[in-house]
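These notes open a run of structures that come right after.
The two complexes that follow have chain A in common; it is paired with chain B in the first and with chain C in the second.
Entry: the complex of A and B
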């Protein structure tokens, strides 16, 4: 590489320690101006930490960050924003009780003292026309699904006219079509407008299709930088985990079970505004069967999951397990062996400030062997239990007493999975289980879900990743507007038809897609 | 018995007048608490601001002869207390609630100590607007005597609502109050915003205190406040962190507090103490009636759930 190459951004020799963890060890990355640079690495490799150091969100313990020709040091997120560096964080940073428009306006580094909403809204609406996707500006963020939030996050940054855009796993919650659309649009901006992009992702497909260069981290260390044109996924996965990934296939045993284990009868659920978002959903799942529910986010998946996890009351209808009423009490979950893996696990299934060990034992902390006579808690047993699960599910954490909120995104997911899948499972409800996981972990988790199925569990898999549904399910439905609009099996799946149904075009409409 | 009718009309008018008189300090303290809580911090110490404001306002009004100067100084006293609260809270591992209670005890104690010399002297009162001048009924005239500070509060409430939506600082306060992480990611200095919000809230509470000593009841003594500063916290929850609702809620609480004296004034003496408990019962009743297990309080700043 010639020395005259203009770098939009350089991070040189960055090291970062957290209590007990060497998250980054002398890592350097150089982002060529106007290029699309991918950053790869396993869960917990330090990718998020690196970009947070770049943004000035963390102060690196060693090393420095330089921006553009001016070799300017960045010491705070505000300074980064002023310099034109924008970032979409891995965990959502939208403000739930504000509207989309307010969130977008607030992110501007320089706001007028008095905001002329009429003028701003008109300008926003105008600019929204050039955006790769539509979002409702007046909606409060609480009402959005994960996918919609991610879109708002990206739009927020694009609207800031950033020169360097850092994206921390932005496509995890998008469908492949949506992801292609977003990344395609962003790639165009790197060509036309001189935008430089640093993209963190776990998907080789995205790296190969969109990136110019790729840097790989392994366990907090720099593992190498390659031109994408001269590399391939095999080589990259070797750089990531230090060995080649063995091809594996997931075994699927044949189940003879005929009676439904889980039945949903005419379920009606309302959203946060009291409007019915799910109207009369019916579904049967037999033991030893995975039923997939595909669909674009925001069509009732979140609310359906919340009814199972006990976060939302149903308006009408029934959920039956073994023919018995289920109403999401802790007692019933235990009795029916019903387990849930909701989306955004840090928010929906963990207490971020409590330790990994505590989070791992939530379902059983007040029973033997963790409690004496259901009230005296035995810390030692809980720690032992955590130690076991940490090993069995390879959760990367400095220790059992670390707050779960400090783990990397992928490891939070693993923690919840470990808790839910460690025991006998007879009904499993899963939503976007691989959101944010690296390829090895995805493989692991798919195996675990399949194992639960093979052991006779009824599995409801709600996912926005159609590939995942096609790979795992025995039967699949498409959900649109709170209704199941299409049913098929992976073998007979008509992708064009599924795509149409997901987009909300009914079967008889002959719309161009 | 025959005179029952005008009697009850009198009660109504007295309650209305009382709502405004008793409600004004509630209004200022709750607006102050609302501003502070919107930034994601709870200030239980506003009781201290109220009492220190009452004492310092009274003292300065007496010494300078100007009631309005007293109001200003009361506000500034509140700013200083807010500053201390904020500086303590932004230390690591310091809890808002504990600091608030400590500030409350410290402030009231200090006020009683410093206020000793002002118990006897008489300070000038704040002016009021006589809306009832047209009437010959002394009851009506007394009820419709509106203090200038109340008018200021009535204007301030919608102004604050406007501020939260249209002013950059208002949005900053809300952002910081909703999510510390999001605010940090946007490069906002969270501690600084909270510092200003706590100081601003302290100012308003201090002004509320000056109303107590300079208008109604209108003297300085140690029994001046009966927990208005603390009840403002409940009031803000009831008002769903909306300044305009704070105005309505203050009037409601003021009205409830005026019920006992109003009934007494027409000769109903039974249950005097019971009626005096009305605002507290109202607080409890409202909290129970409006809470829901399906959702958390609408409008609650996100950071408030982390305290």
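Entry: the complex of A and C
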């Protein structure tokens, strides 16, 4: 074996089948030692499958993984860890009620049966000085913001003497500022310490700003590797979806409606611990208008959504639709044509073990034509209805009777969209509709939301993605600490001001250490 | 289709495995396992006589199984069948005794209705505590069993006791005329018909109506039910009420068809055995019928085992326990048997 090869990790000719489906077809990726390599592709392009093959979760059906110049059978994630391949997942793997230090120490692959905490803590504190981020070691994980948790995840990997760090969409839960900070620091590490990084993403901005090289996958096939310096987003998007993305051109009609359709009056909502997280929120939304609520997560957005979706009771205040009280009953939702698109649709709006067809009639199963006299369910009608929606919203499913939990994230989201947006909508409450979805899907969803608005719906868009809010909203608010602290329109938006308001009271806990 | 095969194959395999484990137990206690199993079969299904014994025992099991099966469909693990049966039987006895002398048809109906209402409210209380106060339903239902049994002991050994009953303390009789009799010439009482009808009716309610659909939604993901505007609290309470009402009938049968009075046999383990039946039937009211007959058979063979092999009375309870553990463990197999599963759809 030649030692001249500068690759930290190579995966050559990897193929993986899942019962007849070609998830990966002869894909190769070469990670240059000490470089920042991006793996770009749409949802379902095979990015996660490829990485799982590298990490030993799956065994590839063909091809081989070379690590540190040797062909290496990696049969389990544990073995990958021992070899120095670490992975940071899209979702946190920290144990919430333990402290940061406990989480970090616990993740070591070979832990003595009795832990000498004093010694471990001293060693940990010393090593933390070399770490790119400062976090408070004694803080319980529950007290950390999403950005801090992600930093802990990364530190956890670095402390294991990781040589190859794989990041699976690590920024999907972070604000843009947090994302830039985290990725920037990681990039610095690749320069000095010989760390090699593989970043799974579908955000061009991250590729262009941080990566040295980028490998693009399309529908399970390898579609090319480029030096980032010699490429541009247009070229990448072509490689990624096979055609250049048209510049976003979502038609927006002007509404002359003046009276508010949806009014929130002095709303008070408490969080899971009984503390008031929303205190006296007031807002008016006219028909044919999208009002965006921007903010860092954890400032009351989730609780606001839950009041509309009937998953949480309000403490005080009113929600009025057409001047009438709304209290999230089925009857009111139907009468007011109020629809909700919550974040994490599988968790919040679907029953995973019920079929796609059943999930598509949640709002209407007790009405004609799906129920005779609102009582007897007609399965045939439900299937027919599902067939129509599956075609109209291009939901990829093996059949109407397949459990919705078996679908991919994007298709679960489409199922919920089909259910909520196929009918007439007059009030629409949306929360982070594009979390973890690919370009084409995001574009589709934005079009659907805009269509509802153009048809006269009042839309409340709660999102942590400021770009999304600036793109879709007619007016926007910034929420901080449960209060609306800033109002503006996208045209007049002062980004610096919005940024300050979002950060508002969100004091960073970083500097305790 | 594969789901149906799976839901038959896994319980059958689990049953076979439990018989195997049970055989080891029998061999350790010094008897011939094959002979014992053959005797259990004879005692359960070997003759018309044993069939009658089996069906008499299956009837209350069908009803008490519903007490666990229905709440399970809406996401609650309720083990309060024993208490609900006691409450239903006891209250029916009170009504029966105090209405003695009125037209039997009226008394019988009043007893059934009372049993259903009281046991229904008893279990509905468990659902309400869970939904509104977040009290763990498994714990509260278990504790309510003890309360129900204690109340029954107090009444039967105290104010309601018929001084004529010496060995087996019982309440005053409800009167021969008010008893629910047997089907034709057999020794099977009409309770079996109650069991069958209630199981079929509740299966229809759960599988074919919008109510059952809403229950499945709530049990599958309460958040999805809420976002569709369903009144989740109401659904939980109604489902628990129905479960309790069905079990109440089992208590009424014990009083009005078997003993003619309320006595401590109301608390003879039908409620707990019902939990086993419900899990074995995977909370499907229709599947409860054959499973209850199977379990009824095992219970019916108990006497024969005692006489034939000098095995202790608890032997059939051991078998029940083994089956329960194996069935619970087999729950984790659903969706995991590779050669049964069609294409995996999730990837990428």
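The rule is short, and it goes like this: the second predicted complex is superposed on the first by the 390 of 513 C-alpha atoms of A that agree within 3 Å, B and C clash if a C-alpha of one lies under 4 Å from a C-alpha of the other, contacts with A are read in each partner's own complex, and residues count from 1 in each chain.
Operating definition for what follows: a contact is a pair of C-beta atoms (placed from the backbone, for glycine too) under 8 Å apart; a residue touches a chain by one contact, two chains touch by 3 or more.
If you're wondering where the values come from, they're calculated on a predicted model, not measured in any experiment.
Visitor: In the superposed arrangement, does A:377 touch chain B (first), chain C (second), both or neither?
Guide: second
Visitor: Between chain B and chain C, pick out the one touching the greater number of residues of chain A.
Guide: C
Visitor: Answer with first, second, both or neither: which of chain B and chain C does A:112 touch in the superposed model?
Guide: Only chain B is touched by A:112; chain C is not.
Visitor: Answer with first, second, both or neither: which of chain B and chain C does A:392 touch in the superposed model?
Guide: neither
Visitor: Once the shared chain is lined up, is A:252 touching chain B (first), chain C (second), both, or neither of them?
Guide: In the superposition, A:252 contacts neither chain B nor chain C.
Visitor: Is A:309 touching the first partner chain B, the second partner chain C, both, or neither of them?
Guide: In the superposition, A:309 contacts chain C only.
Visitor: Quick check on the superposed pair: does A:272 touch chain B, chain C, both, or neither? Answer first, second, both or neither.
Guide: Touch status of A:272: first partner only.
Visitor: After superposition on the shared chain, which partner residues are touched by A:282: those of chain B (first), chain C (second), both, or neither?
Guide: After superposition on chain A, A:282 lies in contact with neither partner.
Visitor: Return the residues of chain A at which the contacts from chain B and from chain C coincide.
Guide: Dual-contact residues (chain A): none.
Visitor: Taking the touch rule as given, give the residues of chain C at its contact with chain A in the complex, in rising order.
Guide: Listed in rising order, the residues are 208-214, 216-217, 220-221, 223-224, 226-231, 342-348.
Visitor: Considering only the defined contacts, which chain B positions touch chain A in the complex?
Guide: 165-169, 171-172, 174-175, 178-179, 181-182, 184-189, 294-295, 299-302
Visitor: So in the complex, the part of chain A that touches chain C is made up of which residues?
Guide: 18-21, 23, 43-49, 220, 309-311, 328-334, 340, 342, 347-354, 358-359, 362-363, 365-366, 371, 374-377, 397-398, 402, 406-408
Visitor: Going by the contact rule at the top, pick out the chain A residues touching chain B in the complex.
Guide: 55-57, 76-82, 87, 89, 91, 93-98, 102, 105-107, 109, 111-115, 117, 272, 312-313
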